[in-house]
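Each of the two complexes below includes chain A, the first together with chain B, the second together with chain C.
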Partner chain A sequence: MAFQVLLNFFLAFLWMFLTGSFSISSFIIGYLLGLLVIYVLRRFFQTRIYILRVWAILKLTLLFTYELIKANIEVLAIVLRPKMDLKPGIFKYDTKLEHGWEVTLLSLLITLTPGTLVVDVSDDNGTLYIHALNAADIKSNISSIREGFEKAIMEVSR
Partner chain B sequence: MIDISEYFVVAFILIGAFFGVVTAIGLIRLPDLYTRTHAASKSATLGVMSVLIGALLFFFTEEGMFNSRIVLGIFFVLITAPVGGHLIARAAYNTGVKLAPESIQDDLAKKEQFEAKKKKNSSRD
Partner chain C sequence: MKKKPNDLILQTVTTVISFIIILFSIHLFFAGHYTPGGGFIGGLMTAAALVLLLLAYDIKTLNTILPFDYRLMTAAGLMIAVLTGAGALLFNQPFLTHAYDYFNLPLLGETSLHTAVLFDIGVYLVVIGVTMTIIQTIGESE
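Up next is the complex of A and B:
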């Protein structure tokens, strides 16, 4: 991915030197033309074209913002309810992610989502121990939310 | 135009302050350390972020000054607050702080078993 971005910058500078005008607008035109060239030559790269990954990162950011706001409204409802009937608990979750940065990102997202907090990560990065505010009824749909997160992260790293 | 932006500034700052109050109430009312960490790491993050966004909008619309340090501040708070919550919870668990009495399950207590089982399975393969 880094190689493709670097190549795109190189093509943009090449376009600036070809036209002889050194301005932001000619850089942008060169960048877009370079993107087109990379798209045409995409079968010669090892990885997929990088713009898809940028798009996946954008989608992850949007999902993250939405979940952050939802989490806060949920905490608000729990804290301000006159009679709290919490059923907290720690459950374990096996993740399929492999790289260290992916697990870090997943635990960051889990910590900021409704009613979950990562307490511990196993030594081989394979298992997360998650403290849930409502371990009884939320566990099933929390796992579906996290499937969403995990899938979104895999989409980025694929 | 300025009037509309003023409403946004006021809304952001009030929401941020409100979430700060909710965090404080949560810290008092919730039963144990882990549930308190929930309130502290989530509501405080969004509260501080909203106040910072309000300040950014205020200085941008009133003074015409775009303060990029506020944007960096939002980013840093967003990254570091959940890590702080995680580390506090982990340190508490490892030093033996008990969960609230109404807790219904605790898989972390069985961590050793899970690890041992996993090791056995992987050595069998």
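Up next is the complex of A and C:
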């Protein structure tokens, strides 16, 4: 992954030296041509081509933006309702993510989408304790996190 | 002995954020000649990044990551500032007279180089050294 990005940069610089024009535009042309070469020779690498991972990061960003807007509108509806029948509660959530930064990213995404809030992380980084605004349907909460954010983060780091 | 809570989120975010803060402090340091900024505010901002690392980890960890002696840093900063001022005496100018000129540097093009930057580096080091010395001595005295 990192090696492919470095190689792509190296090829772009090589293109600049070959053409003898040192400008942003020639760098971009060289970068795209280098990307083409890396794509053609992608079988030589152990890992998948890095553009897929960039695409996964973009998808995660779009998903997060969509969820943020949707969840805030939901909270607005709860606040404006005259009768609140909320059942707050704390539930456990076992993550399949391994690295520390993945768990951190998942916790921040869960916290930034209203209705759920990460209270604590267990010592082995395997369990999140989440406070939910509406804990009446824990199962749907867990499945929505698992299908949404966790899957998207897995696609980035796989 | 109370069990330590898991600071995973704080530590991960701190390691990312501290790089950004230190880069911003360097930008503030160099911006000081024409725009607001300078050695003092840059040094304080760098010290703030180090304090954030101190909050997320502990004093021993930070001393192994950054093995600086902050008292020596203060002394070095004062030394640089005094030498910059004394350098003017070599050219038969009064103490603390600064010189500047325009140079054609590679990559940067026409750049104004000023000896006040050296003086500012001294200020920068003194501010970091003093701030960190104060905070560490308070933190270590239980």
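Definition applied: the second predicted complex is superposed on the first by the 151 of 158 C-alpha atoms of A that agree within 3 Å, B and C clash if a C-alpha of one lies under 4 Å from a C-alpha of the other, contacts with A are read in each partner's own complex, and residues count from 1 in each chain.
Everything below uses one rule, namely that a residue touches a chain if its C-beta (ideal position, glycine included) is under 8 Å from a C-beta of that chain, and two chains touch if they have at least 3 such contacts.
Here the structure is a predicted model, which is why all the values come from computation and not from measurement.
Q: Given the superposition on chain A, are chain B and chain C in a clash or a fit?
A: fit
Q: Is A:123 touching the first partner chain B, the second partner chain C, both, or neither of them?
A: A:123 contacts both chain B and chain C.
Q: Just checking: does A:112 make contact with chain B only, chain C only, both, or neither of them? Give me first, second, both or neither.
A: A:112: touches chain B, not chain C.
Q: For A:7, using the defined touch cut-off, is the partner it touches chain B, chain C, both, or neither? Pick first, second, both or neither.
A: neither
Q: Calculate the angle at chain A, using C-alpha centres, between the directions toward chain B and chain C; round to the nearest 10 degrees.
A: 70
Q: Just to be sure I read the superposition right, which of the two partners does A:136 touch: chain B = first, chain C = second, or both, or neither?
A: A:136 contacts chain B only, not chain C.
Q: Is A:35 touching anything from chain B or chain C once the two structures are fitted on A? First, second, both or neither.
A: After superposing on A, A:35 lies clear of both chain B and chain C.
Q: If you stack the two complexes on chain A, which partner ends up touching A:91: first (chain B), second (chain C), both, or neither?
A: first
Q: Considering only touches as defined above, state whether A:75 meets chain B (first), chain C (second), both or neither.
A: First partner only, chain B.
Q: How far apart, in Å, are the nearest Cα atoms of chain B and chain C after the overlay?
A: The answer for the closest chain B-chain C C-alpha pair is 7 Å.
Q: Identify the residues of chain A that lie in both the chain B contact region and the chain C contact region.
A: 107-108, 118, 120, 122-123.
Q: In the complex formed with chain C, which residues of chain A make contact?
A: On the chain A side, the touching residues are 100-101, 103-104, 107-108, 118, 120-123, 125.
Q: So in the complex, which bits of chain B are touching chain A?
A: 19, 22, 25-26, 29-32, 34-35, 37-39, 41-43, 45-46, 79, 82-83, 85-86, 89-90, 93, 99-100, 102-109, 111, 114-115, 118
Q: Spell out the part of chain A that touches chain B in their complex, as residue ranges.
A: 68-69, 71-72, 75-76, 78-80, 84, 86-92, 107-108, 111-112, 115, 117-120, 122-124, 126-127, 129, 131, 133, 135-136
Q: Report the residues of chain C in contact with chain A in the complex, numbered from low to high.
A: Residues of chain C touching chain A: 5-6, 8-9, 11-13.
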